[in-house]
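These notes are about the structure you will find just below.
Going by the order they are written in, the chains are A, B, C, D, E, F, G, H, I and J; count residues from 1 in each one.
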Amino acid sequence: SEPFSNLPSICTALFEAKAAKGLTFEQIGNAIGRNEVWVASAFYAQAKLSKDELNALAQTLDIDQSSLNAELGEHWFPRRSIGPAIPTDPVIYRLYEGVMVYGNSIKVVIHEKFGDGIMSMIDCEVDIQKKPTDKGEHVVLTFEGKYLPYKKW
Amino acid sequence: SEPFSNLPSICTALFEAKAAKGLTFEQIGNAIGRNEVWVASAFYAQAKLSKDELNALAQTLDIDQSSLNAELGEHWFPRRSIGPAIPTDPVIYRLYEGVMVYGNSIKVVIHEKFGDGIMSMIDCEVDIQKKPTDKGEHVVLTFEGKYLPYKKW
Amino acid sequence: SEPFSNLPSICTALFEAKAAKGLTFEQIGNAIGRNEVWVASAFYAQAKLSKDELNALAQTLDIDQSSLNAELGEHWFPRRSIGPAIPTDPVIYRLYEGVMVYGNSIKVVIHEKFGDGIMSMIDCEVDIQKKPTDKGEHVVLTFEGKYLPYKKW
Amino acid sequence: SEPFSNLPSICTALFEAKAAKGLTFEQIGNAIGRNEVWVASAFYAQAKLSKDELNALAQTLDIDQSSLNAELGEHWFPRRSIGPAIPTDPVIYRLYEGVMVYGNSIKVVIHEKFGDGIMSMIDCEVDIQKKPTDKGEHVVLTFEGKYLPYKKW
Amino acid sequence: SEPFSNLPSICTALFEAKAAKGLTFEQIGNAIGRNEVWVASAFYAQAKLSKDELNALAQTLDIDQSSLNAELGEHWFPRRSIGPAIPTDPVIYRLYEGVMVYGNSIKVVIHEKFGDGIMSMIDCEVDIQKKPTDKGEHVVLTFEGKYLPYKKW
Amino acid sequence: SEPFSNLPSICTALFEAKAAKGLTFEQIGNAIGRNEVWVASAFYAQAKLSKDELNALAQTLDIDQSSLNAELGEHWFPRRSIGPAIPTDPVIYRLYEGVMVYGNSIKVVIHEKFGDGIMSMIDCEVDIQKKPTDKGEHVVLTFEGKYLPYKKW
Amino acid sequence: SEPFSNLPSICTALFEAKAAKGLTFEQIGNAIGRNEVWVASAFYAQAKLSKDELNALAQTLDIDQSSLNAELGEHWFPRRSIGPAIPTDPVIYRLYEGVMVYGNSIKVVIHEKFGDGIMSMIDCEVDIQKKPTDKGEHVVLTFEGKYLPYKKW
Amino acid sequence: SEPFSNLPSICTALFEAKAAKGLTFEQIGNAIGRNEVWVASAFYAQAKLSKDELNALAQTLDIDQSSLNAELGEHWFPRRSIGPAIPTDPVIYRLYEGVMVYGNSIKVVIHEKFGDGIMSMIDCEVDIQKKPTDKGEHVVLTFEGKYLPYKKW
Amino acid sequence: SEPFSNLPSICTALFEAKAAKGLTFEQIGNAIGRNEVWVASAFYAQAKLSKDELNALAQTLDIDQSSLNAELGEHWFPRRSIGPAIPTDPVIYRLYEGVMVYGNSIKVVIHEKFGDGIMSMIDCEVDIQKKPTDKGEHVVLTFEGKYLPYKKW
Amino acid sequence: SEPFSNLPSICTALFEAKAAKGLTFEQIGNAIGRNEVWVASAFYAQAKLSKDELNALAQTLDIDQSSLNAELGEHWFPRRSIGPAIPTDPVIYRLYEGVMVYGNSIKVVIHEKFGDGIMSMIDCEVDIQKKPTDKGEHVVLTFEGKYLPYKKW
């Protein structure tokens, strides 16, 4: 679970502290008041923690608060988007395959239901649920993003 | 709305018939008993219609049934995954960006909630809903896929 | 001035009619009530014309209104983003070079002035002005886009 | 906010000193007599500071002047253009998307307004302003570059 | 036999211990109750060992059990898929060439024998046998994967 | 089932004749004395049919023998390896993923069992079997290739 | 000598007329008052001919003046930069190799002789001379471009 | 001015000694009897210095002669061609753009003036001159390479 | 044996005439006084035939001499280097693999035996011989190219 | 002459010992009973030395035998194929260019002389000779590889 090498070194410390404490992202999310997927993205330096969240995180993981602030504090800003351009890990590739196979269909249905615009990936929430079924467990992955119509001028 | 050039030529005919009839994918979906996203993916040759679905589609769009069968019938099989490897259309790119920004987080949460495995993109449903909110409309995009644990041997 | 081959064939007709009429994009823009850059992007199938705009365009260019509607009407939707991924035409490459040389600086200043978010390229206007100076003419290119803060959840 | 690994190590020191001092690029720009975007590009080793600017910068950030000169002095020259060829950070990608979606339109309007030539990215200024509107804040990003006609011979 | 640099450092230790002990993957596989190909993939961090398997492995290779657990234990999860996207090592390239030359044929025969679906690479076993023939030794490489039909919805 | 555009046009005719006749590759293989995977690869111009095989194929599919010989006869030679360098169709991608995930393991086990050499993909047979199990059907895909040791000189 | 397929079709006509007339680029250059390299670049649609030059060219090559104006007239503008991004033709590759081997040296010497700026490729002339020497003929290829210092702001 | 990381570490020492001494490449070139561009290419490990040149260089820069010989002596050979395949630094990109825009024209004029062959980049000299003009300074960049006709056999 | 689509259409005619006549490249080579590999490269538009060779070829293949001259005559010049940048056909890939596996070794041995220079691929002959051995036939492929030392200046 | 960074560190030691001893690859080859090209490829970790060859090498270069065995002994296996996928060093690029220009010709002549098969690069010898001629020295580079016909099944 070591993060990518071009991320702030504090990320490794976060993952290690989490492993040492034996906490899940859900538990950490509850402790700082955020969804588990968002918390995981903060661990990968893909989201920015507020001052209060940093403090809560330091307390939850028994990490030194000042070093957390020194690396991920107010002045810090995320370089989002990590990993190879065409993902190769099977879990992430399946998501990419979903974009390649269903992307045009999603686009055309969004156009039909909403108009000429996009689903924002900035004003967007990502959620994962476990759903038991007769034939085994299902992963329910939801993106809920604001619809943004193209401006004309 | 002309489909990609390396798709069967019948796809263009499907899009043109749909435009001429003024039907939405939702309406066509209702007519043949399938979800609108799935229907759109069939229009892009990314899914395979059964004999009954081909007949219902021919009737709904007033397309010649035999030519539909000749191009997309039993012997036909989809070449899935279309468009450039790194999507450039803004709607589809946002989905790709979602994979690049949140892919590792989704992977680590799936691992935590389910174990060492993946969310299937084969045994998977894709759904789009429109959700009104105070600050405008939201697109709710859901992937529900079976969890597949890695086999050991 | 022939457009790219994977654009609707009507685009070629638009460019040819414009050349035959000897009109500038500014003049066409005035005629249909839109900025010249936006009009040019519609000629390249990068923007969607409303019914009224299509009619005004047909009249301005003496193009058959029904064929314009048949190709670019309500059912049509743009596939945005054309040309090679790394632009090679010198005019467009200079813009790309601007992104490569100043992109990080723009990002860090946006972060400092606005916070953790982006400048929208959807809710955005693009404008070009000619500005005479002592040392020759300047091109003044402006992007004005809405600031979108990252959602937390 | 650690800069890219192939930049002079002094760049990291600059960012750290700025964070420690709690200064914005605008404040540093005022102190050395330069625009904030240009200053940020100098921090990313994308612009060359003069001797006077280096001295003013050393004073403003309480950095050792001689080490600043040793790394970024007269003999030093920038290797411009950093980051992946197709940007992946969402802020920078939106700029790239602007080039991909509007690049041809910008080219054709420049051709129409100026002639067969380019907007220089060397003899060019970049500026960012915050503009409040009814619907939220806008980022106003301006490139002002000299028009250069193609030489014939 | 040093593994790839972006793998957990314990992987190098595993390969070195194996070399020092002079054990084959087949022998290690027998010791921990797994197939030799699967064991090799675990050495390359491409599979996840259970607690019992980790213990058996530590014993077999005389490696410290706690450091093995610290690096590859419960919290750890594999980033699968290593090496260049187009393999260049001749042994691995031949497998890739097999996919490029026979991939479409395999796809069309699977479609014909099973229907519209795929062979799972998750619920899959890989096996290698040596088979002597008159003209020399043959490598018999088998992939046995579950057939997964495409879901419709 | 139309083959790739850069293949001989006779390939399309072969697929169409097969569809019209309603024959499987297994049936065609039996008719010309070859395995179904090999026959499919010949349909994709990835293998070379002998004179006798061409005649048997012409008879089986009721295709004109002379045009078959004119396109695929003695003078013709295959350009092997078709489709994008990184396969995107899910069925073929899974095979590619198998190479990316298990390639190094296969290499190291071949080295251990055979020595410093490769499994030939030229002197090689590919076979697909359907195997029913308690939990559904399995695809059994086998590559049997000659072991070739590296020459020293 | 057929030009690239994405160039205006008139380009082929120019090359064919030149071949039919048996004229060299030097002769055509003399006839229209331009350097032979510039004329060749106009044949490849990499430069824009003025009205007078188009007329002189039409007369020199016995080409219909109106069709020349229809395709390459006032409204037309070049899409410059043709061929693969990494040239493969040996003649052009050698030039590319010159950039790869000597590019950094040229950059550092320009910096030393001129300052922080570039050699313009827009305000630039290209010339080719044949120079006999004792050991055979030399090609003397000269780029003479304006020096442009980086603007500061 | 630190050279690329995959060059011999002595290269950094050369650049640093040159900066400390405050010498230009022209001055060093005069001291060792070589052109300044060639000397710069030797600093970038793109050319091979003879024993005498190494000694003269050591003396000129006050560098230890034996360590220079140990790294760049008789046994050493250059790996030529550095930097990204598509150059991104603006100075070097302009040269690349010259190849992309004028490459075909240069090729066709060479063919016309010399025959079926190339301009050698091995038996070639590169020179840079500063030329003052009314409108500012010009960079005059010359490649003089031997013409090599294609051998027939 | 149809050549690549971006080659002159006469190339297809050459291959077809050769097939119709049932001639080998060796026989054609003997008829026009050239090596069979060189003749094959001329068929692929990778070499330039002289006037006499064109006439001899027209006679040998019963092809119309004037159309051969119209397409491949004096004014014509080859665009050399065809096929994908990383070859995928197994025969050609093996040659590429030879470059990837032994390229550095060849370079270092050339350096040792000849000095700082290259083996010319322009002043070079390529030859293929069949050599019977006890263990089957060998292909003997020889490149004989002039050694070119790097010029210093 | 430092080898590539992803090779075993012993490779650097081999090159350094060779330089210190002042031995050529030919001399080392004679000492261990192998061809100089093969020896060079072993130095680049592209070939596997036997136990006897390792011992002879250790003795010839005065290298510690046990460390040589520890790094390149029985358990070690080469990862063949090094350097960038499209070679950029001029010496190696010329070989690559040979594949790009003559690859199809070589393929078609092999097909004509041998049948549907390949020249093995595994069961293959590479040799370099210096050949004096009237016009200077020639490099004679020979690949002698076994012909492998495609298996049918």
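Keep this in mind: contacts are C-beta pairs under 8 Å (C-beta built on N, C-alpha and C of every residue); 3 or more make two chains touch, one makes a residue touch a chain.
Keep in mind that what you see is a predicted model, and the values were worked out from it rather than measured.
Chemist: Where the contacts of chain B and chain F overlap, which chains show up?
Modeler: Chains that touch both chain B and chain F, as defined above, are A, E.
Chemist: Rounded to the nearest 5 degrees, what angle rotates chain B onto chain G on CA?
Modeler: 145
Chemist: Would you kindly say which chain has the C-alpha centre located farthest from the C-alpha centre of chain G?
Modeler: The chain lying farthest from chain G is E.
Chemist: Calculate how many whole Å lie between the centre of chain F and the centre of chain J, each centre taken as the average of the chain's C-alpha atoms.
Modeler: Chain centroid spacing, chain F to chain J, equals 32 Å.
Chemist: Between chain A and chain B, tell me the centre distance in angstrom, where each centre is the average of that chain's C-alpha atoms.
Modeler: Whole-Å distance between the two chain centres: 24.
Chemist: Nearest whole angstrom, what separates the Cα centre of chain D from the Cα centre of chain I?
Modeler: A distance of 50 Å separates the two centres.
Chemist: If a residue has to touch 2 or more other chains to count, which residues of chain D qualify?
Modeler: 1, 38, 77, 80-81, 85-86, 88-90, 93, 97, 100-101, 107-108, 111, 118, 120-122, 124, 126
Chemist: Name the touching chain pairs, would you?
Modeler: Pairs satisfying the touch definition: A-B, A-C, A-D, A-E, A-F, B-C, B-D, B-E, B-F, C-D, C-G, C-H, D-G, D-H, E-F, E-I, E-J, F-I, F-J, G-H, G-I, G-J, H-I, H-J, I-J.
Chemist: Per the contact definition, I'd like the list of chain J residues that touch chain H in the complex.
Modeler: 1-2, 5, 18-19, 22, 84, 86, 88-90, 93
Chemist: Inside the complex, what are the residues of chain J that reach chain G?
Modeler: Going through chain J, the ones touching chain G are 86, 88, 90, 93, 97, 100-101.
Chemist: List the residues on chain H that touch chain J in their complex, please.
Modeler: On the chain H side, the touching residues are 6, 8, 75-77, 79-81, 85, 121-122.
Chemist: So in the complex, which bits of chain G are touching chain H?
Modeler: The touching residues are 1, 24-26, 36-38, 40-41, 43-44, 46, 80-83, 85-87, 89-92, 94-114, 118-121, 124, 126, 128, 130-131, 135-147.
Chemist: In the complex of these two chains, what residues of chain D are touching chain G?
Modeler: 34-35, 38, 47-48, 77-78, 107-108, 111, 116-118, 120, 122-127, 148-153
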